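Input: a single structure, listed below in structure tokens.
By letter and in written order, the chains are A, B, C and D; residue numbering begins at 1 in each of them.
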């Protein structure tokens, strides 16, 4: 278990004008599970490689337990990594794969055997020890890859999209395994993924990256409910957050409100938090998650910030546990999440409830969340 | 629907056609070897009177014995047996060393790229196209300076130098298809430059090692130019002896001895192809063809 | 509860900075002998030959410079012109026919043929023979008095004529025959390997689309084999340009010098004719030719791949 | 290897100062020739020297020359190498050859070897090479049985040649056996040119390179006849070795061959008797003329004392009457010594020797350009190219060829 501090990490590839990493600052507590997410090319894998020592950094410091390791070779950092492709040594058996790192570190044979026993039992791969990687299924290979990392008991584990080569069902299973493993072992883990469900379910904290910068670092709850900008808001969640351009108005009571126009052209008033009164007359971007627009719920009394409105349901996409419906607000397609047992067909009008209390508001120019 | 109808066609006429063409081509490929073989078992008169592909009137092995042990290749008439051993002494180290260096080079160029390594690789590729006649004299001067002129060591050195371009190409193309993650994982496991090579890459290189060895063995064994120029009087390779034998003839040209000698000279390479030929295609499949 | 580690593995013996530096320098160190040797024994020797081509060297190298004189002589030399034309004919036909035969045989062999291993070996074995052997055998087979022509005559077709070997206009084609025989099996192996590497679902998809077998091969599989074509062309042109042993053994450039090739021209002028300067000039012209043809091809192929 | 040589030299230096190793580069690998070299080897070994054989066959020594050049460049020249004619001068000029004056003086070469030959062996009036034999190139070999069958007589001039050739052809015999290699074609042309041009103009054309003669009328005539002769050869000649062609005459498949006296060895080896089974006459119209081709060994400078001693012994041995006799009997040529007992030699050799001596004074003794006696290898090669192209191609005229011949000779000078 170790503490990892990334201090102003910068990385520029030779022959390139662009900085791939533009000053990353993250502190990871011992035992913490940190997930790096972001679209491809955002620099998350590069950051991972720099932590491992597989790539040099241009400036900054990587500190493990307050020791600067940025000049050290990968082997001296005491880090293990699980790769997307698993990178199992094809010529070695499962046992040899797991023992390789220990052997290089001249661990006594008896200790190696004990360690392999421990890890393989932990991961339930003890019956596979004498097989070659090519004789294993994808899920088994994945376990072996994790076993290889665990066997060395490094200070820090790096997971580079370890589940993305598995099929959907196996991925969910393994996700749970990883979570259980982390809870049992309490290891420090940095985990790269582009799957936001993995990020939400596994992470203690999530770092959302874009173009070489951390957009937001926080707990899954913070990231989901209080995104700092439109990018983070849009990246996390599926279907993603709806963005509706609005103009802030003041109603007769002196409260902030706005008008929503449906596909029929009729405008309906929507109450806004009073914090927005300073924005009266200005244009904003209203961020509403699909679950914040739903059918009329009996147990939800209409409070100040939960308004009812009637919209034409254009498309219905039942997923089983819920039904995603598409409506139009202010000329923008908006998804909302409805109960699956609602009897309704596409083209009908429906009274919906909009929960503005959980909405986010963004400056349309800077795209920043104005309420944070 | 369509697929079933085409595959039915395959099983009928088309299939016969394919087998026919394949068999015909096999005959064409075999014809010269067949001619050489039957000729080597014929007597001199049989060759003059019989036809090219007719079987010997009587099978005689005289010419084989002559080629192996008594034919003249200079002032000595001991056949080509002594040269056979000379060739082996030269080929084995040359093949092993050039393969070994090629493997290391390919490993560096594909997995430890550094500034200029790609450029160097392109420069090296050009070396594959160098006409070897061009290097004869400067190379001779260099070997002379090194004190290796007309020694087996010198000859091995020359073969290694001009073989490494090919072996490097083969290994580089093979290793480039090995995922980089393997190397990364090994680095994190604490393996260094050599450990990664010995423990991870070399054990999975069998197919390409076979391809390289076959290629190098064939081209070095069959080489005449370097062999005649850089060998010493007592270390001439078999191709030189074969050349002397084939160009040596008084009166009636002893075609049967020539053919027997040619087959003897080709035996090791033929053996390599027959025994290891399947690895050749397999090795090519394993990646070396992916430019 | 986190499991507490009772037995921490032995820490890695801490490496000194010297060893770390070695890790950085090792790859370069490993490659450096090859780099040095390549620079000297390929590029150094080419430059040396280049210098030599501007001298009046005759018997052995002498460095009395005469400018472009040797190149002028070369361009006025009928034999050189013939040799270059022959290389175009020989190289072009050799590469084209080898590719054609190689592709066809590979496709045929890829149809789940019984005895594939044996047939493959038969196609491959000529590659194992030296050009001296090939030349000796084919010289005999192609000889009108002894070989094929004689054979057909004996079979009763006395009008049959196959005298390419001794016909000035056709001798260069006999080189093509022998060279194709020797190398096409290897090309077949390359393509067979390429075919084995293609995902069979592509073929299935095309069949479902209703494409006929020849069409599938022509418009789907062959384009997939582009890298194999690349390798094959590189290897074949290397063989064609360096063809020396074969010509020496089969025709010695004859009749006359009608089947001469640049490599043979260069060799005989440098070593037996006492025209070392001229030989060097021809070597440089050969290299220039190789560069002019290969570099654009290499460049376009490799660049195309990088973009893909 | 160097160490070994050094070691050998040291051991021998203690015992006898004269023992050493000779490494001899040659291309005499075929039967009679190889036997002759074996005799030399034996004689050297009797004197306590060791013989290291470096035989490289092929193309009239082309490969051997390549080997020699690379070995010299690498500073590892053989003790002796089979070099002849003009090339001796080239090597000597580059200062690679050893001075043999001491041996020559001691052995009295000046008295026993005619000056035509010794001139070739000397550079700057010092001996650098040792002659082995003298070949007469302008011979016509004929099979009398074939002539009898065709009712033809053996020709003495070109007109008779074509008459006889027509008769042979009519009788279904290939009139002229020819090998299809540039040097063989040049050998044929040389014989024709010698007759048409005469000795003086031959010399002007091929030794002094007189442009007027090279593109003159006579040359065109010689070329025309040369091409006409092709009509009397068989079609499959291309690439054929000379001894295969000789064999065609031996078996009666062909009637005649124009070739140097080394062809005799083939007849003898086949058990044929001169004057009975085959006849040797001068090439048509060249009676009294003698195109010579002298084989020789050039001696390369040696650092090692033992090797130098062995080298001198080798030079001495080559010119001993014993070796001269054995060697020339095998090879078909005549000894270079004019003071020898020729009782063991056949009529062809005796004729040859007589003509040799006579022509030396009459001015009819000319060097063979086809065999590197007359000019540099550069000019010789250039002439080969023109001649072989003319001979094998149907679309170039004799006049153009003569002009071209002059051009390439001038270019290669």
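The definition used in the following text is that a residue touches a chain if its C-beta (ideal position, glycine included) is under 8 Å from a C-beta of that chain, and two chains touch if they have at least 3 such contacts.
For clarity, every value in this text was computed on a predicted model and none was experimentally measured.
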Selected interface, B-D versus B-C, where C-beta contact pairs are more numerous: B-C
Chain at maximum distance from chain C, centres defined as averaged CA atoms: A
Interchain centroid distance [CA atoms averaged], chain A/chain C, Å: 54
Distance between the centres, which are taken as Cα means, of chain C and chain B, whole angstrom: 14
Separation of chain B from chain D, taking each centre as the mean of its C-alpha atoms, in whole Å: 38
Approximate Å spacing (C-alpha centroids) for the pair chain A, chain D: 91
Multi-chain contact sites of chain D, meaning residues that touch two or more partners: 59, 66, 69, 73
Residues of chain C touching at least two other chains: 12, 23, 61, 146, 267, 271
Contacts with two or more other chains, residues of chain A listed in rising order: 73, 75, 104-105, 152
Residues of chain B touching chain A in the complex: 115, 179, 181-182, 184-192, 195, 199-200, 203-204
Residue numbers on chain A that touch chain B, as the complex places them: 14, 49, 52-54, 73-75, 79-81, 83-87, 89-92, 100-101, 104-105, 148, 152
Sites on chain D touched by chain B in the complex: 1-2, 23, 29-32, 34, 37-38, 41, 51-59, 63, 66-67, 69-71, 73-76, 78, 241, 243-244, 246-247, 250, 265-266, 269-270
Chain C contact footprint on chain D (complex, rising order): 59, 61-62, 65-66, 69, 72-73, 87, 90-91, 94, 180-182, 234-239, 376-378, 380-382, 385, 388-394, 404, 411-412
Chain B - residues contacting chain D, complex: 72-77, 136-137, 139-141, 143-145, 147, 149-151, 228-230, 232-234, 236, 240, 243-253
